[in-house]
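Below, each structure is written out as structure tokens.
Each of the next two complexes has chain A plus one more chain, namely chain B in the first and chain C in the second.
Let's look at the complex of A and B:
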């Protein structure tokens, strides 16, 4: 078990599972409260020390003294509140069975749509793509989904995704695509009009005017995972010129 | 755990794109994915990457007693196991239909076509022959396991060196690697499989289908040829019926592909041979 010394905040600190974080380094910034918020990838141990449980880059936000590990993986683990793209694999009287890429299929209530009543409910077929929100997830039960905003009851963009194409990417790339300042999407949007839905379960749905453009966008997104900004711009330029 | 069927959106998009003349990954219809060959440190170990499909082949040999009715023939055995590492749809111990098809195709392509000279594996007739065993491990399944496995198997066999043997009367000495340089196997020809998938009611043929294309296809066919334009095997197991001129068209395309791939395999083997000498 290695111990880490955090020297500067701006340095990239890579942690591996089992690495212990020094108590002193973490409490430096908290002038107000002696409170520490641990995000994903960090866990408190019995002896009051903090250990990384995932491999990745240690990140810190001074607001609220938050620490977390930015890791990457391909297999999705359902977490409450996340927006995901699922495929309907089964129908029963009360639920749709939806495959979200986790170890178990998730359940979507038949009435969990905007303005749905017993008399008036949407009819989805096996193979339909749905953009949903995880309403409940824990490791002991199948996750539950809903296709509406829980507070307002409105659809808010959730529901069936028609047409287009969906690709599978890593979870880290999906989170980066949700950033409004994402470079690849901005560059692509300058040349091709398209609409897109990003699921934090590693699925991205893309739809544009013709198939060629959609294929180009999907390939650009897939390729952008390990490229830096300069390489990204070069890749998008070369793809667009080939069009 | 069976792999989930693709969503309706993916299926319809793929078919519509093919009607328009485009493939999902941007390839042309008769293009193979990028083929990468990586040799291991030992003789007979090669990893093939065909796009995202990865297959590892490893050749080993041992001396055993031949069959009594075939005293001068050695053995060539292929062991293909599809493990869950390649895809969640595969389970250890239970053979799926696809697994059976893959292993039978490789046996047909390699063994029945006499790519490897089994008579040359004889040491002492009736008593000692070489038994060559090719283990094929599938590391990643992104479609077209057969072609990748075939390329891996034949490249591994070409790369492999067996220990040198001296026979004086009844006395057989198997030299170790330090005593004498190991000897390559005698391979007559290089069979390469080319798999075609059919779409749009049999009007569209594509080479080297990816996983999604395989899930949506209407039928498929695998042709095994060598550079001398000899057909080693042709397998069309079920699927949509095709016209004879379409089959011939596929064969013409396969001839071109086989020439390209054979040239690439030979270039890779030569480069590796130079590396081996440089390393020593």
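Let's look at the complex of A and C:
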């Protein structure tokens, strides 16, 4: 097992599965009495060390002494609190079966919508797109979804997505698109009116006035995965000019 | 005084009386219950955990399976967005959500830097000498060897008594 020496703050610390984290490094922010929050990609091992289980860049957030590995993958693993785009694949008396791209389909309660009662239920068909929130997820059970904000009970953007087009992207890119200050989206928004929904499960829904715009937006999003800001602006510009 | 040659035994008729029968039944019941307990105790196997003294874990670890929670302190995440008034309701809610998240971050940052009134009073109250002796005492305390192994919870300790496993 390789051991990592902590390097300067400015350098990227790349870890591979099996790399142990040095305890001295983890205790830097130990003002909070040796509490550690492990995010995705890290796990404690039998010999009492913290080891990386995914390949990626080791990241640290001083708030709450958080450590995690910034990795990329395409298969989604449901986590509580994330917003996802799902496709209805089945209906039962109490639940909709929704495909979210995880290893198992998720269940969406028929009454988990804003203002839904037994008399007044929304009716969704097989094949409908839904923007939902994961209300419960663990590795042993199917995830459960809801189409409303749990604290307010309002829809808050969740619900059925009508029309539009869905593309599948990697999870890392999806997380970057959630940032309202994302460069690609801002540049596209300056030229084209459109709306979109980003699912943390690697699905993006785009809706615009005509098919040409939609295709342009989807291509721009796909291309922007490995481009830096300058290349990104050049790419968007070239696409928009061809329109 | 004349010797009583025979032992004082209870007569048969007395034994058939209800109150004597009750006593008998109580005794047999107790005996059966004890027997049951004995059988059940011997059937249940419990590891004696007082012998294995697992040290306390080094860090207390919380698990957070979502990437978004990791970066929530630095950037907002808004799921639905709209540009150039394509969907004005979505645009409004998006800017609202972004604003709320930013406000929460700012408040959190402020609260971190602030110090509560009680802590301030404590700091002021302690003199320098008192602080130094306290620190010296803390460091000299012997520490148990620590591990990250998650120790199973220790039982309340019944000794030889029957410990019924939780159903």
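One rule holds for everything that comes next: the second predicted complex is superposed on the first by the 237 of 243 C-alpha atoms of A that agree within 3 Å, B and C clash if a C-alpha of one lies under 4 Å from a C-alpha of the other, contacts with A are read in each partner's own complex, and residues count from 1 in each chain.
Definition applied: a contact is a pair of C-beta atoms (placed from the backbone, for glycine too) under 8 Å apart; a residue touches a chain by one contact, two chains touch by 3 or more.
In this text, all values refer to a predicted model and were calculated from it rather than measured experimentally.
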Superposition on chain A - do chain B and chain C clash or fit: fit
First (chain B), second (chain C), both or neither touched by A:156: second
Inter-centroid angle chain B-chain A-chain C after superposition on A [Cα, multiple of 10°]: 130
Chain B versus chain C as contact partner of A:212, first or second or both or neither: first
Touched partner set for A:200, first chain B, second chain C, both or neither: second
Dominant contact partner of chain A by residue count, chain C or chain B: C
Partner chain(s) touched by A:128 [first = chain B, second = chain C, both, neither]: first
Distance of closest approach, chain C and chain B, by C-alpha atoms in Å: 17
Contact set on chain A toward chain C in their complex: 23, 26, 33-40, 44-46, 48-50, 59, 61, 63, 66, 68, 70, 77, 79-83, 131, 137, 156-157, 175, 178-181, 185, 188-190, 192-200, 207-209
Chain C residues touching chain A - in the complex, by the definition given at the top: 57-71, 73-87, 90, 93-94, 97-98, 108, 112, 147-149
Residue numbers on chain B that touch chain A, as the complex places them: 4-14, 16-17, 20, 22-26
Partner chain B, residues of chain A touching it in the complex: 87, 89, 99, 125, 127-129, 161-166, 205, 210-212, 214-216, 218-219
